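What follows is a group of structures, each given as structure tokens.
One chain, subunit A, links the two complexes that follow: it is found with subunit B in the first and with subunit C in the second.
For the complex of A and B:
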């Protein structure tokens, strides 16, 4: 088990780039070429993809650009890096080929969580709404690493989940000796992402563990649960976890607010589904 | 009426609700209620960034679309590990009402 954990740590350190959906890269490229497109349009498109968001944030927070640990939104990253850097980043990533349709479920789950987190932040009037959505988009980045870099282990995890009717995180601890929040945290640290994104990634299954950014962590925790409750996307299991008391209290939830959040999220998830279909179709057209 | 992703819209559908401008939701609507969709209109809406529209009737049978009973039992299944938790009972009830509303 210790060997497994060390193997994962080594993989994380070696991970120079992660796959993304091809359709989105095509779209960014088109937008970047169009003089009429705005930074906001491009930022909105990039924000919808957790892998690409992660890449952009990794780059802008790298010591090379001198903003280490300070940039946590895509629109700021775009302004600092420039559209051309983003475009070449998108085009040069040669990983499209290894991208399979099987990642779509996880991608939808992450995107859905970002939509839910954004709704939560808006309705509860939380500060830093964009950072909360970004954190939600990246919250399962650890799973993406397992899926992409440890395919056999991932398949094994899925079998354990089905066989024992347990959650992905329980299966990970049982089989890998660690979980996707920890793996996500290692990656986020390797990429010098700001603490306000690291903590929600690292603590979204254990809000109590969060120290400085408890509100953001609680929002991401709730967003993850709502997307699973809604049955949108596929995060590895189909078990809705409990809303932890710390999150309920921190967000000062009650039935009425929760109802408002669910209604608005469900409405926006229809749009998210539309976007997902569109990306998949343009990906097919490209290949 | 049915709310559908724009990707599934086709010519001849009738708008049951006006379409708001995604860049200016408070501003004048892009298209009024009762308008019949044409392919050029769908293309234009797509370019503007409209994600979904509400049309009359229930014209789109979404692939794998479940019946009300199937939806409700899937919901119960997803909540199977937390069915005795008081706050999760509240949440499940909210989703139950949402599902029933969306099907009618």
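For the complex of A and C:
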């Protein structure tokens, strides 16, 4: 187990970039051809993709620019990196050759969580709404690492989950000796991402563990659950966990407001589904 | 100089690439080979190398787009680019359009290549007067750029950050440096986004200069102010942002209300007879800035006087 954990740590250290869906890159390259395409449009597209967002945040927080750990939103990254850099970065992204169901599922789950988190932040009037959605978008980046860099282990995990009917995180602890929140935390630290993003990634399954950014963590925790409950995307298992008391209290939730959040999230996930289908078909057309 | 460099090699010729890689790696350097142009920029942006070597042989493209894209950026422009060029073709190259730092003719001697790599690294450090903090051009370049625009339909814009000194004193110079670096990026990106050249320089401290066409000046000022406000709001705690000020000691050591960081920009159009030398520009700008600084929010002021 210790060896496995060390191996994963080493893999995380060496991870420079991750592939993403061809549909997104194709859409960005179309936008990039048009000189007049708005910066916001490009930012919006990047903000729908956990891999590209992670890539952009990794670059803007790299020691090369000298503000490591300070930039936590895509719109700020765009201002600081400039459109040209963002464009080339998106265009040079590696893409998946085959659109596997699990890859699309995790992409949808991440995007859906960002949509849900944004809704939560708006309805509860939480400060830093964009940071909360970014953190939600990246919350399962650890799973992306397992899926892409430890393909065999990932398949093992999926069969363990089916066999024992347990959650992904339980399977990870049983089989890998660590979980995707830790793996996500390692990659976020390796890439000098801000603490505001690291904590929700690291603690979204255990809100109690969060110290400084408890509200953000609680919102991401809730977003993860809501998107799973709605059946949008696939994050490895179908088990919907309970909302942790710490999160419920920190967000000052009640039945009525939760219902409002659920309703609004459902509505917005329909749009998200349409966008996802668009991305999937445009990716297929290319290949 | 660092002993082990990270070298990006762009070459269609696979045999040359692998031979070159072996030689370079034997010297303890690291090589990343690209056999076409398309992925190079993204790589350079995400993981900047120390040197770029481009093989111009067997290539339909002349790499001009790639090279000027790298050289236009104040950050990446300081990465030396060395061309590998056919012996018979180098006198046909229009160097103005091909701003590389050095070239070596094919076939080359490895020893010479290594010396050229080392020379290119050192030359860049010697000739650039760029500010080490922001990598923007410094005063010699600024003066030259301003002198070149006298009489032209261009605007020289002086920018500084209000309340920067108390911010630096209160939150520490690391945080202060961050603000300076961020401001530099905001300015150079806004200038670059106009798409027609322009110039961005760093005088020192929290003083910057940028030069754009007269018709773009207002738009660039607005973009810079807008983006600065967005970025700055991330630098303060929620409570401070809400109040709009924080309490800190001023230069006399008295506790005082300090307002958040804002910008003051003085815009001096250069095509007026009033401006006949470099010193005059700074003089007018200083006057305008005094006015711009009277406000608690960010302001740009344009010189409208004709004589």
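The rule is simple: the second predicted complex is superposed on the first by the 278 of 287 C-alpha atoms of A that agree within 3 Å, B and C clash if a C-alpha of one lies under 4 Å from a C-alpha of the other, contacts with A are read in each partner's own complex, and residues count from 1 in each chain.
As a convention for this text, a residue touches a chain if its C-beta (ideal position, glycine included) is under 8 Å from a C-beta of that chain, and two chains touch if they have at least 3 such contacts.
Nothing here was measured: the structure is a model prediction, and the numbers come from that model.
Student: Based on the shared subunit A superposition, would you classify subunit B and subunit C as clashing or fitting together?
Tutor: Overlaying the two structures gives subunit B and subunit C room side by side.
Student: Is A:239 in contact with subunit B, with subunit C, with both, or with neither (first, second, both, neither)?
Tutor: first
Student: Taking the superposition on A as described, I'd like to know which of subunit B and subunit C A:72 touches: first, second, both or neither.
Tutor: second
Student: Angle at the Cα centre of subunit A spanned by the Cα centres of subunit C and subunit B: state it in steps of 10 degrees.
Tutor: 120
Student: Report for A:55: first if it touches subunit B alone, second if subunit C alone, otherwise both or neither.
Tutor: second
Student: Give one of first, second, both or neither to describe whether A:248 is in contact with subunit B, with subunit C, with both, or with none.
Tutor: Touch status of A:248: first partner only.
Student: By the touch definition at the top of the document, which applies to A:82: first (subunit B), second (subunit C), both, or neither?
Tutor: A:82 contacts subunit C only, not subunit B.
Student: Subunit B to subunit C: minimum CA distance in the overlay, Å?
Tutor: 19
Student: Quick check on my understanding: which residues of subunit A belong to both its subunit B contact set and its subunit C contact set?
Tutor: none
Student: Would you pull the subunit A residues touching subunit B in the complex into a rising list?
Tutor: 41, 167, 225, 228-231, 238-243, 248, 253, 255, 258-259, 262-263, 266-267, 270-271, 273-275, 277-278, 281
Student: Could you list, by residue number, the parts of subunit A that touch subunit C in their complex?
Tutor: 16-17, 35, 55, 58-59, 64-67, 70-73, 75-76, 79-85, 88-93, 127-128
Student: Per the contact definition, I'd like the list of subunit C residues that touch subunit A in the complex.
Tutor: 38-43, 45-48, 69, 73, 75, 133, 177-178, 181-182, 185-186, 188-189, 192-193, 195, 227, 230-231, 234-235, 238
Student: Could you pull out which subunit B residues touch subunit A in their complex?
Tutor: Those residues of subunit B that touch subunit A are 3-8, 49, 51-52, 74-75, 77-82, 85, 87-88, 90-92, 94-95, 98, 102.
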